[in-house]
Amino acid sequence: MTSLSLIVALILLLTIALGLIRVLRGPTPTDRMLAAQLFGTTAVAILLLLGFATHSPVMTDVALVFALLTAVAAVTFVRRAEVDPMAPEQDVDDVPD
Amino acid sequence: MMSLIDLFSGALILASLPFFVAGTLGLLRFPDLYCRLHALTKADNLGLGLVVLALMLQAQSWLQVLRLLLIWLLVLIAGATVAHLIARKALAAGHRPWRRP
Amino acid sequence: MTDAILQQPWFLWLTLIPLGAAILAFVLPRQAHLVGFATALILPFCALLAVRQGTLPHQLFLNAGGWDAPLGIALRNDGLALVMLAVTAGVGFIISCYATAYFSARRHKPDRPHYFWPLWLFLWGGCNALFISGDLFNLYVTLELVTLASVALIALEGGNKALNAALRYLFIGLIGSLAYLLGVAILYGTYATVDLGLLGDALTNTRLNHVAMALMVSGLILKSALFPMHFWLPQAHAMAPAPVSALLSALIVKTTFIVLLRLWFMVFPALDLVVTGQILGLLGSGAIIWGSLMALRQERLKLLIAYSTVAQIGYLFLVFPLARGDAAAAAWTGCVLLILAHACGKAAMFLVAGTIHHTAGHDRISQLAGAGGPVGVLVVVFALAAVTIIGLPPSGGFFAKWLLLSAALATGQWFYLLVILGGSLLSAAYIVRVLSWAFLDVKRSHYPVIPWVMKWPPLLLAVISLLFGLIAHQPLQLALIDAPVAGRVMLEISHAR
Amino acid sequence: MSVSVLYAGGGTLLFFIGLHALLVYPHLLRKILAANIMGSGVFMVFVALGARSSDGVTDPVPQAMVLTGIVVSLCFTAVALVLAVRIHRLTGCTTFVQDQEAAGD
Amino acid sequence: MTGAQTLFDGLLVLLLVILAWVLLASKDLFRAIVLFISFGLLLALAWLRLKAPDIALAEAIIGAGITGALLLVGLGRLGSAVRCRPLPVRTTPLQRLSAPLLVGLLLPSIAAVVLVELFTLPIVASGQIKLVAAHLEHAGVDHPVTAVLLNFRGYDTFLEMGVLLLAVLSIWSLDRARHPFARDQIPAALLTLQRLLLPLLILVAGYILQRGAQGPGGAFQAGALLAAGIILAALCGHRLPPGHQGLLLRLALSCGFTTFLLAAAVTLARSGVPLLYPEHLAGSLILLIEIAATFSIAFLLAAAMAGGHPVPEAKPTAIDERKSA
């Protein structure tokens, strides 16, 4: 059981590594942020599994905080990028396709 | 020595794996933002749900069950809302959804 | 009652009072200058009490929280700490007096001045906390406190150059303190303590310890602007408002050097440091020559003074190769005395430069010609302060350099003898250059009347620095309390005098 | 636990990668990012060296120090960002202004 | 089992190092920041693997969350491009030579030396674990990290609170607050989310603060969570009422440091030792300090986000100021 959850956690870490490709490729900021959002959820799952595997219930707290914070970060992103008088330059190489 | 519950939660954990992998692959392979959004929110929330379910079976106390449930609900609601906001924003910014050529 | 007051650990109150005043000045911005001035008035008395306690037999350690060293944090009130606390209180008080006038004369810049006071009080508290800290990690926190406050003070002017200098200083500070912290991490990983004394006892001459030492020392010399890592200093010091420039050059530069001194003499004596010491000595020599040459080339008075600081920092670093064997005490006391003398002299010079800038509207050296008139007194003050920078008797600078020279002689390191003498000649050259322009009688322009509070503090500082040599034996004796250098010190001092 | 040496090595690498980027890249925001990476590296070395005990507990002292360090580095990040934004607003630059004399007052 | 663990650790460290390199080298800074947030998430995993859940919590909230948000806002104001007036760069041949030499040759070799020497350390060392455990019963709290943070090395934490306040003071001295977020219509979905998240954040913050005495958690994590709540509220259009932007705000910002300072001053005056808590009072004193610190930290971090001193409404916009400057 514990080794199974460890191995699954490892595979989830690998999917994060794969998902990084989307962050690298973009093309829009939203795509990158979306990938980060997925990392958040995956990290929550990894935390829960690791916590179970190593018998440390603390990790559930950390996972809870993670879940809360990814939500706040995503909201920051959505609200921030909506209106921003000085933003244009940043999107120069971010035009989709 | 594995009990039935262990077996069951092990199966659940394993079952969660395809969802995460599918979510990641969708993120990588799907053609545009809206499709990716779609793949992502469905896949990872279900995946996490299965993991949570598996660990709830193993939980020592009701408090732990409650916390796990809370985490899942939080991710579910936040994920759905944020996906909605992102899609809304992208539409407002004039990104047309992808269509099969 | 008096007993109870005398038994208070005043060296620690010197940290808490300015920090508390900083909060007060932050919460009540309108009264900030009053809070600041009142604190500046109180602190010299606290320092006097602390020094008095220091001269009596007393406990050298105070463990914060009451926990003994490996677990808790040891605070030291040894001679070095007391000297630094006292000089900070004295110079800080005079600069504070000047600052009240300086900032009230510049009311036209809205909402800037009242941030000076809480920032300066934070800086004061941070410096004092740093001087008494006997714990590597606590030193890191205090260093960061000092750096952050200095960054904000440099940026106070708000102009482009000031902001650039401030941000550059912030990055330098970050790199320096992180390198230092990496060294601390390695030492803690090896010896499971960050207490200076315990580490000093435990350390052995291993390669890993050398790595840690190299990381910490290079981080600190970056922060203390030793040549060739001085590039950030002149802009940072010259762009700030005059009282801030004075604070930075007189006191803040020395904070990192004090940490370095403590490390070198308290933590690393077991390491074989001959080569490292020579490297530091050579860099110091480079700083003396290069800083003086650059000072000769400057057009602006404040930049000239800032480059002079680069050179004077170089002198301080000569202590590392010179403090050897019997000469250790002479080099140590010379170094401490130089810190004091330079603090007074350099603060006076920057304050004068500030007043000149205020009255003349610029500080271009070539346009100071004919500054006789009302600015004349300022030029005289500048000359007085310069005596200690050049190192002429009876100034403190003279005795400091004399002690360093005698250490160089005693250890047979003739090279440093030449450097010290050459540096003095060069500094005389750049000072004379300023004075010659000032006394050149070309045309008199009309200068506004200078408020007396902007004239007297620099004069006071200059006179103190000039006469410092006459009372030098008292701070020297203080500096030797619990000093980590070999004995035979009194002999050296009487020899020097 | 010997794995901690792995983390200590990783932390050292992070420190130097951050230092390299801080020195090389001109954009101020990237410098701030680099400083954060540097800090994380140092903290990792600190804790990893404290995680070597045989009974599976990590030394609480470096943990507490690193918590302090994280907050301090957050403070520096916030101040550096405001400084960078001010510089940008005054000059339109997102880098240091190299030649201070030419930039004028 | 240990094989999978080692593999996990190896992959994690490798990912962290690669991620750091890629994010610092990436041309688009938005990408760099998203990678930095991911880096923070992975780093939090690393802290957990190093059995440092307190730091993992702090890293998740501060490292990834608050710093990430700060950087995003900063990027919005700065832009990603390297832009500057073309200015003549004065360099001497020595400087031109020294830069690549330093970066290309010196740094890698120093790194190599440090690495090689690090591996000479003994594999097993227990640091101060036993020492802390031995004194834990007199510390007033049961969690070792909290005991070190607020009792054994409380003086450090006291100064650290000072650094936090000083940071906000510096920020205030530099600029005025500019609202980084959109002022237009707030989507209804966001408001609903906020109604759910805000109470939850406060609840979890309280839970983490209270847990600090026995387990991982404490003032900093709780305060940072509350700060996230304040930021969320600001995102959803809430503002501090005008009357609370002056004295009250400054009191809120400074109350953590003030409480700590008062504790230090009172103990110093009474016993001659700063922060020496009487043993029977230690627990409650620490709790008091922690509550004040939590409250303070929440406002301090939120103030750091705002990026300047508060200004009354109806002020010139950023664009106006640029014109005048």
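So that you can tell them apart, the chains are marked A, B, C, D and E in the order they are listed, and the count of residues begins at 1 in each.
Here is the rule we use: a residue touches a chain if its C-beta (ideal position, glycine included) is under 8 Å from a C-beta of that chain, and two chains touch if they have at least 3 such contacts.
Source: prediction; values computed, not measured.
Chains that count as touching both chain A and chain E, per the definition above, are B.
Of all chains, the one whose Cα centroid sits at the greatest distance from that of chain A is C. Ranked by C-beta contact pairs, the top pair of chains is D-E. Look at where the CA atoms of chain C average out and do the same for chain D: the two points lie 27 Å apart. The distance from the centre of chain D to the centre of chain E, with each centre set as the mean of the Cα atoms, comes to 12 Å.
One inter-chain figure worth recording: chain B and chain C are separated by 59 Å, centre to centre, where each centre is the mean of the chain's CA atoms. Spacing of chain B relative to chain D, judged by their CA centroids, is 33 angstrom. Contacts with at least two other chains are made by residues 137, 141, 144, 148, 151-152, 155, 182, 186, 188-189, 192 of chain C.
The set of chain E residues that touch two or more partner chains comprises 5, 29, 49, 51, 73, 75, 77-81, 83, 114, 118, 121, 125-128, 132, 152-153, 156, 160, 163, 166-167, 170, 174, 190, 193, 197, 200, 318.
In chain D, the positions touching at least two other chains are 8, 12, 15, 19, 28, 45, 49-50, 52, 59, 61-62, 65, 68, 72, 75-76, 79, 83-84, 86, 90-91, 97, 103. Contacting chain pairs (ordered by label): A-B, A-E, B-E, C-D, C-E, D-E. Chain A contributes residues 2-3, 6-7, 9-10, 13-14, 16-17, 20, 23-24, 26, 29, 32-33, 35-36, 39-40, 43, 46-47, 50, 56, 58-59, 61-62, 64-66, 68-69, 71-73, 75-90, 92-94 to its touches with chain E in the complex.
Taken in their complex, chain B has these residues touching chain E: 74, 77-78, 81-82, 84-85, 88.
Across the interface of their complex, chain B is touched by residues 187, 189-190, 192-193, 196-197, 200 of chain E.
Against chain E, in their complex, chain D makes its touches with residues 2-10, 12-21, 23-30, 32-34, 36-37, 40, 43-45, 47-68, 70-72, 74-79, 81-86, 88-95, 97-99, 102-103. Against chain E, in their complex, chain C makes its touches with residues 7-9, 12-13, 16, 19-20, 22-23, 26-27, 62-67, 70-73, 75, 111-112, 115, 118-119, 122, 125-126, 129, 137-138, 141-142, 144-145, 148-149, 151-152, 155-156, 182, 186, 188-190, 192-193, 206-208, 211, 215.
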